[in-house]
Amino acid sequence: MAAEGLKALWRDGRTALGAWLFLREPLIAEAASKAGYDYVCIDMQHGLQDYADAVAMLQAVATGPATPMVRVPANEPGIIGRVLDAGALAVVVPLVNSAEEAAAAVAASRYPPAGTRSMGPVGASTRHGADYFGRADELVACIPMIETRQAVERADEILAVPGLDAVYVGPADLSISYGLPPRNDNPGDPFDPALAVVLDACRRHGVVPGVHADPSLAGKRSASGFRMISVGYDLGNVMGGLRRDLASSREAIEGGEAP
Amino acid sequence: MAAEGLKALWRDGRTALGAWLFLREPLIAEAASKAGYDYVCIDMQHGLQDYADAVAMLQAVATGPATPMVRVPANEPGIIGRVLDAGALAVVVPLVNSAEEAAAAVAASRYPPAGTRSMGPVGASTRHGADYFGRADELVACIPMIETRQAVERADEILAVPGLDAVYVGPADLSISYGLPPRNDNPGDPFDPALAVVLDACRRHGVVPGVHADPSLAGKRSASGFRMISVGYDLGNVMGGLRRDLASSREAIEGGEAP
Amino acid sequence: MAAEGLKALWRDGRTALGAWLFLREPLIAEAASKAGYDYVCIDMQHGLQDYADAVAMLQAVATGPATPMVRVPANEPGIIGRVLDAGALAVVVPLVNSAEEAAAAVAASRYPPAGTRSMGPVGASTRHGADYFGRADELVACIPMIETRQAVERADEILAVPGLDAVYVGPADLSISYGLPPRNDNPGDPFDPALAVVLDACRRHGVVPGVHADPSLAGKRSASGFRMISVGYDLGNVMGGLRRDLASSREAIEGGEAP
Amino acid sequence: MAAEGLKALWRDGRTALGAWLFLREPLIAEAASKAGYDYVCIDMQHGLQDYADAVAMLQAVATGPATPMVRVPANEPGIIGRVLDAGALAVVVPLVNSAEEAAAAVAASRYPPAGTRSMGPVGASTRHGADYFGRADELVACIPMIETRQAVERADEILAVPGLDAVYVGPADLSISYGLPPRNDNPGDPFDPALAVVLDACRRHGVVPGVHADPSLAGKRSASGFRMISVGYDLGNVMGGLRRDLASSREAIEGGEAP
Amino acid sequence: MAAEGLKALWRDGRTALGAWLFLREPLIAEAASKAGYDYVCIDMQHGLQDYADAVAMLQAVATGPATPMVRVPANEPGIIGRVLDAGALAVVVPLVNSAEEAAAAVAASRYPPAGTRSMGPVGASTRHGADYFGRADELVACIPMIETRQAVERADEILAVPGLDAVYVGPADLSISYGLPPRNDNPGDPFDPALAVVLDACRRHGVVPGVHADPSLAGKRSASGFRMISVGYDLGNVMGGLRRDLASSREAIEGGEAP
Amino acid sequence: MAAEGLKALWRDGRTALGAWLFLREPLIAEAASKAGYDYVCIDMQHGLQDYADAVAMLQAVATGPATPMVRVPANEPGIIGRVLDAGALAVVVPLVNSAEEAAAAVAASRYPPAGTRSMGPVGASTRHGADYFGRADELVACIPMIETRQAVERADEILAVPGLDAVYVGPADLSISYGLPPRNDNPGDPFDPALAVVLDACRRHGVVPGVHADPSLAGKRSASGFRMISVGYDLGNVMGGLRRDLASSREAIEGGEAP
């Protein structure tokens, strides 16, 4: 891991670009970490990965400089503690719809007195140093997701919860909560104003705004102020690539002259 | 699996396009099988897959119409028998450099009296029918690789071995055995003449010529007579895609105007 | 998966027979799916399967026509979402004892506005089509379990919750909640009246009644009105079979006359 | 498993010594069980083990006489039921801070009428006998953890909950909840009085006091009254041993005379 | 493991009955070991098990008294050594067709000077005692398979190889090598005389004759002199049971009289 | 991996100390790599690791500076190629007893024209750079084992084979081939003269002499000229530690004075 990582990058006012992984392949996590992504997120909510995969992939990310991140399947302290113990330095918590839920995510991510995380960083202290316990709360980023209309409406109180490093907008879930199709972008009303509400609340509370995106949206999201932008995906690339390879090959053959 | 599969397709004089998988992800195998590839090959030689992965991925291929294929790590009867028992309907055998080695590959792929395969198709009879034993030698394609200068020089005797359905040219290994860089194509002498030798021997012996390729080579290889052409890869698509996604996103952001 | 599946079968007024799997073996799931069972249930509550096994077994079920079903270990939205994302088309939710708990099970199984399921059907859209999102709420069956005295007493309010496709009676748990031994059947009072309460409430609310059973009970349960009846088990067959094989062999040997 | 196990040992007034495992290696669990430990605990909270590992390691413990124990990741009935179904005979439940939470742990560990555990002991009845159901509540030890200042303050009401066999003090978490460094021992105030409160409440309520320790603390903890003392760890031994082996070898070589 | 095991049983002139496992489920191996089978064989040739499964299942067998046996995928010293290191006490070696191949199987199974097995019994010494090395050659049974016409014709020279404990007839492979259908029994000529040749050679050379069978053949095979008879199978019981359960349930429902 | 690694260290005339791992735990591999060992060897011959474990552990070693090494289970080109493809930079080949066998080990480890390794370094090029192919023969160390009397007698011709980087003495196997007990040291004749033969042949042929040892032997082996010395073991540390922890705790408790 880079000496500094995601939180240092944010302190410097820079924008983090991330790879988001749905597949259970540590070699992809290693490649993503070495490719220059600022963070690599293992998606235990919608990806195929279970805990053993997350453990392996967190180790794989550690072969390169990216910050190891996990999206947990639910806002539940057991799994948050376990992925942190396994060496995640950032945890994305889905479906945080209230200040109370945001506070629960923070509590699960911090040792006492800031939170209620239990002591036993088996993998984390092997990876991040024997002094991990003393530095953990500083090292670990807690990142609730804002991905429902309800959460947008309560953005101000959610963002006011102490201990949040960033929030992460899930545009597909946000869209369907507004009755829009599940896309990374739904330009216009009510999607754009919802993003603006989150960005504005982040600015006021000193929290980094993040968003699930794709390369075509990177410039736009960055320009509007997001500083944690996921743009690289394993699944889409492999599935899309396999379809394109076949289509272009068929075309080349059928267009081609017979032997 | 399509009622007919790879061997029927070849009997009809058609050309098979394949996906070649290096990663241990059954969901990719399922997607490839459903995407329209004629065969999906699990590469136990250079891929990350071990036997348990092959078992899982062969099952995954069976959710779609593609013919399930395995490249075994070596020309060894134990592993050939095991992947066939697990339901592979085509086996690619690396580094076959003589008629004797080709005959060994055939023997491992066929039940007596045609070969010496041992009885016990635990997965294959679940998948391909309770009558699998009687149809196995007809169902299963045995495909040795021609991938060294030595094999090219002995192409005629190798191709004369009874029981071969196809041979598969490995262009990277073939290239390095001629002192060329390890590429899918090395236009000119001695690479092209070597391919011509294989194609010619295939024609004379009634064996299907196959080749490891990529979409940019599909038309050329098809035009020269190859009828088993691998063009889709999981690894390259995901690794290349992750790099491209990052590069284009960085460019969009750095090119972009500040908020 | 059959073009129609479990919900279509119920719409036609037919009775579904199911296989219920406790072991972590995808080949058994494949065999069960091909054997003619209408559904194959992967039991993550009492079976040995964890999430990775469920992912593999759901894929295995997809090699045949049965509807893929999972019993989740608890009424928790994270795991319900994850098995649906992995391609389950029916989810059995244990220990639902109130309308509120039934509503929670429904909410976790449906996308907004019907529920709160989060978007990201990685496996489901590979398997069930790129248009999965739009059809998901129609495709997916949500099936709470009625398996306590408390649930029976509240059957009417539980069954009134919108969005239930079926309920599933767990007779062993139901029995012990009444102080009876943990059996699939405990003829007489209070077990039979409890079943009757559930059947009656199902009839009034248009919900399919289901029950854990065995072949000896199939006729009886069907005759009383159940239309989702689990009758095939991997574990019992293998454990019982191994004991019988040994006993009959010992007897044959000790009886000992030559044939 | 020894005919009697942990609960019999406690009935005889003896002290149980345990091995506590963080690594996912069933061979270590087997060795620990055979080495003479009274219990072997698989730590699903802070260890690397997930459910599949716990299943394998519980089986491994059963090759020897130790009582198989699991620390679950959270006080959640689903996972408590699953580890018991897999054959655990003792369950350690972390972060129990109130009588209500202790009662929830008990309920999840006991069949009705004592609790709400669901019927389906797939592994447990294979291992512990076909009559497992009738003996389960007697066989299984439910062991909440006392590891926060809050829990100490409520020790009396927690210990008064019916159905507790033992409580287990987590000294590292207890320490940090008092603002002390996360150690197994923090002699003096407020750590020692906290232990005394727990010991005293155990005595009054007839509950066995347990504590996470190490060999250097075994005598001290035993003398003060603890009767369940964990002293053997896989992780520390292997990590410390690898460091020592290298250091002493380097020293021997550098101290050594040249050849 | 029983204090004595398979070899002691043979020394006493008794007949061993075995379970033969094709599935990767340690719980089945445990159940078989406890059910009273004299040996439990993990079939790495035709079963789904790979090495990791064999390691887990050998441990599972050790929870009961049966002798742990493995059929290796090929007569190759690497895998023979590895399954013995993992704790197998008997190794079945397929397709032994000559005295030379039998001697190779023996060499791979014995430490010098009797053979060439390499030292490093990581699992075996944990399980069978710190003194394993000195007792290994006595503990381990080496069991080549006689399963081709060629092997029958050379039975006398194969059986004369020093160090064989038993031979194991594979009737399905033997049948197909004679042009018969792949069955456990093919009464009459040439199958019966082939069995007689093996039995006779065993008698003369003091080697235990074994055979793959099923409960219907147990009496017959025992009466003719076989003393190692496999009769219990996981796969057939579960697959057949699932089909029977469905068929009888459908019949009961369609037959349809109310209870 | 350190910029230079094992071969650079040897070029500088230094002595490499190694960790030797029998357990399947990537976290141990990571810790060993970070602890300062010059190489970390994954033992696929006598350890519990299979190929999937080796893939994971090679990745784990890459989180630190140690050179990743694998002992393959046999001198077979398929497995040698696969561990190199997975990123091993050194391969230890057991039981090399002749120049011909040594040449086979070299051929499997080198690309043409130096050998016959097949092209496809899926993991290695992700980890060691896109230019891996051109540097592979320089990066990879091929290390046959000298571990029988026969090999010692042929040491001169074995060591004369071009392409060997080091040889590795297996003292336990060497001992038993001389009729001595299987120990890391057997001072006196014939063990010491055998080591001297190997050391002398290494000196004359410019090959690095290596040996399996332990911390108590490090000084002695280094003084006699060995420059690759394995001294750290996972298994012994954890097994021995668990026994010591229990013994000292029992003693402390039974000795029993209060603190």
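A few points about this structure:
Per-chain numbering from 1; labels A, B, C, D, E and F assigned in written order.
Assume a residue touches a chain if its C-beta (ideal position, glycine included) is under 8 Å from a C-beta of that chain, and two chains touch if they have at least 3 such contacts.
Small disclaimer: the values here were computed from a predicted structure and weren't measured.
Comparing the centres of all chains, each the average of its CA atoms, the largest separation from chain B belongs to D. In summary, the pair chain D and chain E forms a contact in which both copies contribute largely the same residue numbers, shared numbers making up over half of all those used. Sharing over half of its contact pairs with A-D by residue number, the repeated interface among C-D, A-B or C-E is C-D. Note on chain placement: the centre of chain A and the centre of chain E lie 52 Å apart, centres being C-alpha means. Centroid to centroid, with C-alpha atoms defining each point, chain A and chain F lie 40 Å apart. Between the CA-based centres of chain E and chain F the separation comes to 34 Å, rounded to the whole angstrom.
Within chain C, residues 27, 31, 48, 50, 52, 76, 122-123, 126, 239 each touch two or more of the remaining chains. Chain pairs that touch one another, listed by label: A-B, A-C, A-D, A-F, B-C, B-E, B-F, C-D, C-E, D-E, D-F, E-F. Interface residues of chain A facing chain C in the complex, by the touch rule stated above, are 22, 43, 45-48, 50, 52-53, 73-74, 76, 94-95, 147-148, 170, 172-173, 176-177, 179, 182, 235, 239. The touching residues of chain C, when paired with chain E in their complex, are 15, 17, 19, 23-25, 27-28, 31-32, 35-37, 48, 214-215, 218-220, 222-224, 229, 231-234, 236-246, 248-250, 252-253, 255-259. Interface residues of chain A, counted against chain F in their complex, comprise 26-27, 30-31, 34, 56, 59-60, 62-63, 122-123, 126-127. Touching chain E in their complex are the following residues of chain B: 50-52, 55, 76-79, 81-82, 85-86, 111-113, 116, 118-123, 126, 133.
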